[in-house]
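In what follows, subunit A forms one complex with subunit B and a second complex with subunit C.
Take a look at the complex of A and B:
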C-alpha cells in the first residue's frame, strides 16, 4: 500500500523567486526506509516539510500538484492531526528539547500528555521507550543539561513514544560525534525493524547504504536519480549531483580500474568483504 | 531503572512541608494579603513586622537560605536607595541637619522610612513566593483552571531561556577570554566585552524560535482534545480551603474596618 504519493509537485516559498521543489513524482510504500540525499540547498528539508504536511499548512507559498497522505489529499488533512501522525526529528538537538520539563522522563512523556493519554498507560509507554533506547541512566537528569548526543537520543525517544507509523528524520547526526552517530543509527535500525515508514535525510552515504531500501537524490529541487539503494549508490553520476559515493562503491570502482573488478559494485563494507572473501576463497 | 522515581509520578507531588505543599494559588493568596497589609496600614512598624514574618515563613518551609540569599541584598539595596532619596528631597518644618544645599528633615526621614519599608515588604512577597513555589506547579494549577497550555508553555520556556541565555553568554565570554579579550577587571572592560555578544545571543534566540515551534508541533502540542498531566498536585484539602476562607474573611473585615474607621 502507498502511504504517501507525490504527484507533479512544485513548491515555491513565499517571497522567493525560484521553486524550491520542481515537478516531483514518487510513490512511497509503507514500511520502507527512504534515504534522501543531495547537496546543501538542494531541497531536502523542504521535501521533508512537504511529506509532513507542513507545506502547505505551516509554510505558505505556492504549491502545485498533489500530495496524498494515506490516500487523503494533504490539503484536506487537519494539520493538527497530521502532526500527531507523522513523527519528525531534525538536526538541532537543542531546539528539540521542550525546555519546560525538569527530567528526561517527563520530557519523553510530553507528547503523550498532549495526546491526552491516561497516566497509567502513559507511564508504561515511557518506560517501554526508555528501555528500548537504553536511556535508563538519563531519566532523572535535566534534559536542558544533557550533551548534544544525549539530547538527540531523548528527542528520538520523545517522538518514538508517540508511536507514529511514519517518521521523518532530517540530518539527525550532523551535529554529533561518531559515537553518538552510531547510537542514533542503532535507534533508526530499531524503527526499521518495527516496520515504520522512514524518511531519512543524511549526508553520510555509507550509512544510507546500510539502512535504506530506496534512495532519492535531489538536485536544485528536482529528483535527479532514484530507485533501489544498490542502483543509486553505485551510480557514478552521483558525483555530478554533489553527492559522494559510499566508500565501498569507490573501492569497487578503483578495483575495476585496476582490472581487479569485483562481481558487482558493492555499496557497503560487508558486501565488499563478502566478495573479496569469495575471490580469495575463504 | 529507578522505579521509585517513576512511581513518584503515580502519587501527588509533595515535599512534606506544610507551607510548600499548599496549593500554589493558596500560597499566592496568603502572600498577596501579606503584601497588601502594609499598603493599607502605611506604618513602617507594620512593614517591618511583615518582613520578619516572611523570614519566619521561609524558615518554616526550610527555604530560609534561598530566601535570605536573594532578599537581604535586594532589601538593603532598594531600601537604602529609596530611603536616601526620600529623606533628602522631601521638604518639611523640622530640620535635622543641613549638608551643603541638602536639608534633611524629620518629615523626610519619616516618609523615607515608611516608603522604603513598604517597597521592601512588597518585594519580599515576590521573593518569598518565588522560593516557595515552583513555576511549573503554578502553571499546572493554572492549566487545570483553564489557562491554555500555549500560555503556560510560553511562560515556562521563557524562564528556561533566561537560564539558557545566561549559560550561553558565559560560554561566549569564556571564548572571548580565550581569544585574549579582557572580560574581567574594570567595569568598562566588562561592558566593552559584553556588548559584542548581545548580537549573536539574540539572533540565535530568535532563529531558534521557529525551530522550537516546529519541534513542539511534532510533539502534538496542538493536538485536538484535552491533554493529560504526568505530574499531579495534592488536591486542596477541606481544612486548607476553610483556613483560607477564614483568612480572607478576616482580611476583608480588616480592610472594611480600616476604610470605615
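Take a look at the complex of A and C:
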C-alpha cells in the first residue's frame, strides 16, 4: 500500500525566485525506510516539509501537483491530525527539547498530554518507552541539562511514545559523537522493525547503506537518482551530485582498478568483508 | 617559545562543576592538530582555555610565552582565533560582508588591508555568493563557513575550529580540507575538534584524545585508531577502512583505502 504519493510536485517558498522543489514524482510504500541524500541546499529539508504536510499547512508559497498521504490529498488533511500521523525529529539537538518541562519524564509525556490521554495510560506508555530506549537513568533529569546525544534520544522517545505511523528524521546525528550516533541508529532500526515508514535525511552514506530500503538523491530541487539502496549507492554518478559513496563502494571500485574485481559493488561493511574473503581468501 | 602550552591545567565552572583535569599539552606554531573524544569529554572547555575565554582554576596556559591569567581575552584574541561550535553564538551583523569586516574596522586597519583580508577569507571559505545576505538566512552549514571567514580575516597565528565538519556535505568537507592545507602552507597553527573519524584520518597526523575531562592520548591518527585501550576509553570509532582491515585480520594498522587495496593486491 502506498503511504505517501508525490505526483508532479513543484514548490516555491514565498518571496523567493526559484523553485525549491521541481517536478517530483515518487510512490512511497508503507513500512519502508527511505534515505534522502544530496548536497546542502539541494532541497532535502524542503522535501521533509512537504512529506510532513508543513507544505502547504504551515509554509505558504506556490505548490503545484499533488501529495496524497494515505490516499487523502494533503490539502484535505486536518493539520492537527497530520501531526499525530507523522512524527518529526529535528537536525539540531539543542532545539529539540520543548524547554517548558522540568524532567525528561514529563518531556516524553508532553505530546501524549496534548492529545488528552488519560493519566494512567500516559504513565504506562512513557514507562514502556523509557524501558525500550533504556532511558531509566535520565528520567528525573532536567532535559535542558542533557548532552546533545541524550537530547536526541529523548526526542526519539517522545516520538516513539506518540506511536506515529510515519517518521521524518532530518540529520539526526550531525552534532553527535560516534557512540551516540550508533545509539541513535539502533533506535532507528527499532522503529523500522516496528513497521514504521521512515524518511531519513543523512550525510553519512555508510549508515544510509546499512539502514535504508530505498534512496532518493536530490540535486537543485529535483530527484536525480532513486531506487534500491544497492543500486543508488553503488552509482559513481553520486559524486557529480555532490554526494560521497559509501566506503565499501569506493573500496569495491578500487579493487576493480587493481584487477581484483569483487562479485559486485558492495555498499556495506559486512558485504565488502564477505566479498573480499571470497575473492582474496584472507 | 612560539607555542600554546598547557601546564597542569584544571578548570572548574563557578558552580563547582569540573570540566578539565590536569591537562598538559604543547602545540607548536604551524602545527595541525585534531582533538577527538565524546560529547562532554571536555574538548570545548579545553580550547576555550587556549583562547582566554576560560582562565585555568589551577595550572598555567601560555600563548607564545604569555600567561593567559595576566592577559585580557581581547589581548589573547590577537593570537588565537576561535570559531564557535554553534555559528549563531558568533553572529550579530546584518550582512555577511559586514560581519567579516566588523573586527577589522574595530582594529582600525586601513581600507586596503581590510579589502585584502576579506577577499582572502572569502575565497578560502567559498562564500562569495553570500556576502550580501543576512547571516541568519544563510544555510546552517554555510553559516559555519561565514564564522570561519570572520576568524580567518583576523590572521591570527593560531586558529581553533570547533566541530567544523558537523552537517557538512562532500563539498563542505573538501573546502575544509583545502583550507587546512592552505593555512599550513601559510605557517598557521590549526586546532580542530571533530567527531568525523574519516576526516581525522585524512587530514591530521597528530591527534589529541580526550575522555572524562582529561587528555588520555596524544599520538598519530594511526596509533590512536589502532589502540584498543584508547578507542574503548574515549569511545571512538576507527575509520571504516580500519574496521574492515581489523575484521579481515590484516596486519599493518591500516587506516586508508589505498593501503588496504595495496595489501590485498599481493
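Simple rule for what comes next: the second predicted complex is superposed on the first by the 279 of 282 C-alpha atoms of A that agree within 3 Å, B and C clash if a C-alpha of one lies under 4 Å from a C-alpha of the other, contacts with A are read in each partner's own complex, and residues count from 1 in each chain.
Going forward, a contact is a pair of C-beta atoms (placed from the backbone, for glycine too) under 8 Å apart; a residue touches a chain by one contact, two chains touch by 3 or more.
Just so you know, these numbers come straight off a predicted model, no measurement behind them.
Participant: Of the two partner chains, subunit B (first) and subunit C (second), which one does A:214 touch, if any: first, second, both, or neither?
Facilitator: neither
Participant: Could you look at A:183 and tell me whether it touches subunit B, subunit C, both or neither (first, second, both, neither)?
Facilitator: A:183 contacts neither subunit B nor subunit C.
Participant: Which partner does A:148 reach: the first (subunit B), the second (subunit C), both, or neither?
Facilitator: After superposition on chain A, A:148 lies in contact with subunit C alone.
Participant: Just to be sure I read the superposition right, which of the two partners does A:162 touch: subunit B = first, subunit C = second, or both, or neither?
Facilitator: first
Participant: Based on the superposed arrangement, let me know which partner A:118 touches: subunit B (first), subunit C (second), both, or neither?
Facilitator: first
Participant: Let me test your reading of the model: by the given contact rule, A:170 touches which partner, first (subunit B), second (subunit C), both or neither?
Facilitator: Neither subunit B nor subunit C is touched by A:170.
Participant: Between subunit B (first) and subunit C (second), which, if any, makes contact with A:202: first, second, both or neither?
Facilitator: In the superposition, A:202 contacts neither subunit B nor subunit C.
Participant: Taking the stated contact definition, name every residue in subunit A that is touched by subunit B in one complex and by subunit C in the other, in rising order.
Facilitator: In subunit A, positions 92, 94 sit in both the subunit B and subunit C interfaces.
Participant: State the interface residues of subunit C toward subunit A in the complex, per the touch definition above.
Facilitator: Going through subunit C, the ones touching subunit A are 37-40, 86, 139-142, 163, 166-172, 195, 197-198, 235-237, 239-241, 243-244, 247-250, 257-258, 260-261, 264-265.
Participant: Could you please specify the touching residues of subunit A with respect to subunit B in the complex?
Facilitator: Subunit A reaches subunit B through residues 54, 58, 78-81, 83-84, 87-90, 92, 94-96, 98-100, 102, 105-106, 109-120, 122-123, 127, 130-131, 136, 139-140, 144, 155, 158-159, 162.
Participant: Touching subunit A in the complex: which residues of subunit B?
Facilitator: Per the touch definition, subunit B meets subunit A at residues 1-2, 5-6, 9-10, 136, 153, 156-157, 160-161, 163-164, 208, 211-212, 214-232.
Participant: Any idea which subunit A residues touch subunit C in the complex?
Facilitator: The contact residues of subunit A facing subunit C are 38-41, 91-92, 94, 147-149, 171, 174-182, 203, 206, 239, 242-244, 247-248, 250-251, 254-255, 258-260, 269, 272-273, 276-277, 280, 282.
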